[in-house]
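Here is the structure we will look at.
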């Protein structure tokens, strides 16, 4: 059995990497991927806890998070496409028409 | 032994994550992410989550990432990111904060897992197996979330159509 | 342990509305190219039917689907708020979308599905249900925000989406930690865990979970500093969607907040109330001060919605059933006045030009007396001036806060409220006190009958709930009695 | 207690009238005016019944009507009047008629104007008769809206600034009062009583002096802004100067009285010990207001602004009287409130008369008007004399009682206040001299027509009132005797009852609130 | 007859109402009839009242009539009522009598004025107010009249309002009077505080019990009331308005600013003699101020050329005498002088009005001269009145003035006596200077251009009546030293009698507590005893002789200066340039007041407005608004539109929030 601190620690690190990605990358699709990375990190946490508590709930969370991720990816990518059509922009910092 | 495997997977997962961050080409980022996901799938297996292992590979690494790569191709974004080398003040702050966030997330681990759940005990698993138990739960206790998930997917579908369909 | 018909009764309203959504999609699919004017009314019909199935939920609290969904008065109350939001949004959207050439079934279906998500959020008694419902709602709203597919709409949608997904990550992480600490994410289960294990109240994991969940909700309700998406998303989104977002999302999110914080984290009030105290103060102040500096009415209303979230947070801080009832009332009032205000905004625009710059309103009060009257009414209500629903809402919340001894927060609240008067009045000042420019910006109103009906309904609601709030207050209190 | 609901009738009649007004076509301006006048007049006539049927021997509330409104919160539609509000109600209905008459010449958007006017009347009357704190607060705030529009739409060149300043100034104060109202409600519950906003019930709630101290501060701020007391007065000159004539009249005649009324009805009887503690301070501020207002009025070059600052001075007298806390002072203060409504109201009407003719209010633009407009000058002079407190006219009775009352409480305050009498003569007569006397050397002023029939119509009642109230104040004072006696009695009794109450020190009470920012443990 | 006393003020009030409301549409004759008739009716009632009162035994000569309850609040009950006693009886006789004559005179004087009805409205209103003043049964009713006459004075001084200077003079009169009222009001409050009532009868009765004789409170009360009196009766330092008040029509000057209103202060002190007698300090102050004013105003009168200004300063001076009388405790003498002064000063003013009328509105004596021939009636009456005021026996002024001086001397007010005595000669000098410059010598105008004419009978008849009164008016008060019965004193004794008791009280208090110098107490006691006593007759005769001689000396000097050697005054003036300028410019008091009080107040007011109001208070108000707005604009800048910046904020918030929970809250 893997000590939960290890898995959870990994989860935290991956989460952090995802967060950094959202903050520093410009390409909107990469941003999307970084969000997916964050969700993956969370999934790891759920699995770890489920394993350690002998519980099924965490696993179901993972299942549903994946569903959500899928739907988010679909809509997110559609937004990206739509944005690209409207603005020809794929870089997050170019999308700042609305401000102030 | 298990622990060693874990560390290998963990190393790959982190490397993949770093790869997502550093790769200039979005396709490379996507591939790095797939790497991370596969590594994670391995770790799931170590955590006795066979079902999750499977869908992680199929849904995540497979379907979702394929979709992403597809869109990258669709948009055909040639001009690669050039600014990544330039570290703005905001980005440094962002990284520092993200580091702090990780610390903040690590701190609670000292408290330990205090929850008392049970349910998926050794006996149960021995009797019915992990996947069967999980699916039984999914269609009984967790039926409602499951149904909501279906609506969620419907929303994703309709939303994607509404946004991206050429003529609407 | 399967579900029963009793469970289905709890889910009937949701099912009806989902069915309506599917029907809308189907109706367009089977008759492409035909006139589609009836689609929103199909949706409204669904909402009305759902509304008829709801009153049965008032009464003693029930729970269904293995503790996944509540069938209590609290949920029912919020459902009614959401029905109002949904119906008004559809009414407002009708003429607007046709004018903009975007009257597609997908829009109405998404509104209805988002509504289902919101309702499930209000009814969820399990964080898993809650999370899924929240995502259902959010994804639908992301799509709706980008529905016009023009530059602004797409940008709004994108920003909301990225940040929404970002914050979802935090929320999920929080749920994971709570799961780890409590062993369950069922609302009642969390409460029991905290209640039975005193040590848990000091567990860093549990508390970090609370913190992360707070971040997730704070994002949804647009609390400072998690608010920055709000003005951009609100401004860029189609105005009808903005109205929907500002009211429906807020209502659903606060309903969830109430359930999570008042029930699950009940024993931790000491911990979270202080944090929310700061958030509430920041939210009110930043929202109001920034709103003062705006020159675009739509964006100003976006900031004002942040401020309103701040007032509601004051109620959350108080943490009593009394406060909860106030919050429910406030949400309802806010739904009416905000949708009404946005309806007025839609009316002054024309295809491709929103005309929401403040200057465009010069002289409109006298040029279009009905519009002026309605807009003034909504502005006064938002400013919390009697006899409007907005006043009663503020009154109830501040009353609850004072009751718990939060004098300072209340004082900051009313001072904020006074500051907010400035920018609400500015709209009225422009409408009535400034002459219309020589070249009028707004030649005619974009007012279809449905828009007019929506505005009138909203106006009547604002007045009615401002003048005879009694019954509704009782109902809200009753709702909270069963919740806590 | 089943009688004709006089109070509801007079309060909501204007509202009803306003709704009917909506149906009158915009073009028939005559009809709109006539209807508004009719509504105001009928309201006034009905309100006279209050005067006739009011029982002066009874100090309590009369014409009481009560209906549960938000039962669970203890909010009810609870109205009634006593000697304090009786005359203010009548003043309101009376001035409303006068104001409608004086607004006959309004040509811009008559319908909206009259609409707001009627709404304003409802708001004012409602605030005066409310015996439930929430009900009061609602009317109190609702009153602002029509006034805001009257200033903002029909006002002068700086109307927007003035309107916003008026609104926000008032809002800040009243919102803090709302917090105090809520705190009072809560303290009442804490004391073991049923939740209620019923004023008369809350009168019976005995609070520790240091708690009262802060509660009073909040109420006081709201009312002091409305009064307005120095140094919270700067909204007034702007609002007065910019408002249309009738707006100024109502503002001076009724709205400012809401402040003094608030003190009498709410702030003082609810928190007697706080009043005792604050009284020296309030008296000082009131006296500063008297002198300061008079001094500043002296150097105004705009007639309306001068009158506005004179209001600051006069209201300083009223406040001085109230905080003298004896029969003479309080009754004088109340009476002076009425007087101020008549005399300053009339002054604004008079300023409106020449403004209509010349479209200027600058003193320098006039001179020698007594030659071209002798009747106007005569009326103006009478009202001036009433304003500066000449015996035989209304102002004197009030000022005399106030100063007498103040003298019995604080000699110093009375001495300084009495200088206001000198200064008042100074600024008013100097203004009269510059406007009416001297050579009629400006061409524009030579052909000015004297008072028209309409103007006579609304000025004569004011002049008659000025004399009546000055010569036979008994008509008015007698009705307030019993009420004020009871008021003072209750005040003293409550003060004694509260004096010994234990409560944490004043700062501890504050601390109580501060702790709750991060409540360590909140057991309630 | 006594219960008809309310008719006395009532008639003029009706007259004022009728003329005020309808006068402009009535013929002048009718206006005049109403105005004069109403005052005449009052006079008749007054005479009737006098005889009714006289029929009563002296001790019962007090009649109070309550009209209605005026102000009632708590313990304050003020009734509007009239009090008729010997003192007020004298006053109403003077007011209605002289008032009637002046009304009649005015009919001629104002006959061509377009404001004819307005004038009579004001005049009647004045009579009403003045009668209320003197008949009032309480301080407050007195104050009503007090303010009322002030109002009428204001209106009548500024009667010709088109002249800005005249309007300004009216305003000045009102405001200066208000300063006096300030004191009066406070005095009233003190009285109410101590007595719980403002009615004269109980106050005068209870004063010895309620107040400590010679104590601080009674001193404060009397001094404050005296402040009121200095305003109304033009004493130092508030006399400045009276000379300017000459801007009004001349009959007004005669009635209001010479005969009646300005004496209200004297009357008031007479009314409060009980209180004053209890306050020796106040008495000294009153006497000193009075005497100083008498001399001070007299010196100014010497150099003035405006005929009315001279009379005005003379009035101030004579009022000073009256106050001296009050201050030294010779109340009856003061009232006596009040009455005689009313006769001769009214006569003088009306005479001057006749001159001005005849000279076509010329007031400068340097452009007169030799009018004796042109206006014989005016000349003779004027001369009689002048002799009376100069104090030449046996005319009225001699008796009254001499009595004052004698009382001052006898009561130990030597200094005050000296001032008054000095002023007496000066009075004779400047009055005869006036007569000589106006009626004697060569005409200093062109008779062909200015057609001087005698005034009509409506003006000369009142003149003769007043002249007659100036001669005989003093005979009712011939002192015992000259073999008279001094009926006037006896008549007033019931009112003034209380004073001697009060003075006794002072003496006892002084003896017991040592508060007041025993010397004074004994003098006060002497003054009290004076009423019926026989003091040093030799001294009295000596002083009498001295003052007569002194007055004659004044006349002689005037004769030398203005008839015999007309160039002498110019030389003297040139020699004492500084002194002359000082006197001619009235000691620059107006200028000093203007600079200190008026400009000072205005400067303070400007400071309050331009700095405190606009800069400080509105600065804070608008500054708050500005601050809020700029903070808003600042906050706006954080909203960059960069989605990653937003994410960063969220992260920041999350780190703080979760950090707080995970690190702080869990420990």
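The letters A, B, C, D and E name the chains in turn, as written, and every chain counts its residues from 1.
Criterion: a residue touches a chain if its C-beta (ideal position, glycine included) is under 8 Å from a C-beta of that chain, and two chains touch if they have at least 3 such contacts.
Just so it is clear, the structure is predicted and the values come from calculations on it, not from any experiment.
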Path length in the contact graph (chain A to chain D, fewest steps): 2
Those chains which touch chain E and also touch chain B: A, C
Most remote chain, CA-based centroid, reference being chain A: E
Dominant interface by contact count, named by its two chains: A-B
Chain located farthest away, centre of chain B as origin (C-alpha): E
Most centrally placed chain - per-chain CA mean versus overall CA mean: D
Intercentroid distance (Cα basis), chain D paired with chain B, Å: 69
Gap in Å, rounded to a whole number, between the CA centres of chain C and chain B: 30
Chain D-chain E separation of Cα centroids, rounded to whole Å: 38
Chain centre separation in whole Å, for chain B relative to chain A (CA means): 7
Per-residue multi-chain contacts in chain E, two or more chains: 625, 636, 639, 641, 643-645, 647-648, 651-652, 654, 658-659, 662-663, 666
Where chain B touches two or more other chains, by residue: 90, 94, 98, 101, 104-105, 107-109, 111, 113, 115-117, 142, 145, 149, 152, 155-156, 159-163
In chain D, residues with contacts to at least two other chains: 168
In contact (per the touch rule at the top): chain pairs: A-B, A-C, A-E, B-C, B-E, C-D, C-E, D-E
Complex contacts: residues of chain C adjacent to chain B: 1-3, 11, 18, 25, 65-66, 68-69, 104, 106-107, 109-110, 113-114, 116-117, 120, 126, 128-129, 132-133, 135-136, 139-140, 142-144, 146-147, 149, 157, 173, 177, 179-184, 193, 197, 199-200, 203-209
Contact set on chain A toward chain B in their complex: 1-2, 4-10, 12-21, 23-27, 29-30, 32-34, 36-37, 40, 43-44, 47-57, 59-60, 62-64, 66-75, 77-82, 84, 90-91
Residue ranges of chain E in contact with chain B within the complex: 644-645, 647-648, 651-652, 654-655, 658-659, 662-663, 666
Contact set on chain E toward chain C in their complex: 625, 628-629, 631-633, 635-636, 638-639, 641, 643, 645-647, 649-650, 652-654, 657-663, 665-667
Contact footprint of chain C on chain B as seen in their complex: 104-105, 107-117, 140-145, 148-149, 151-152, 154-156, 158-163, 168
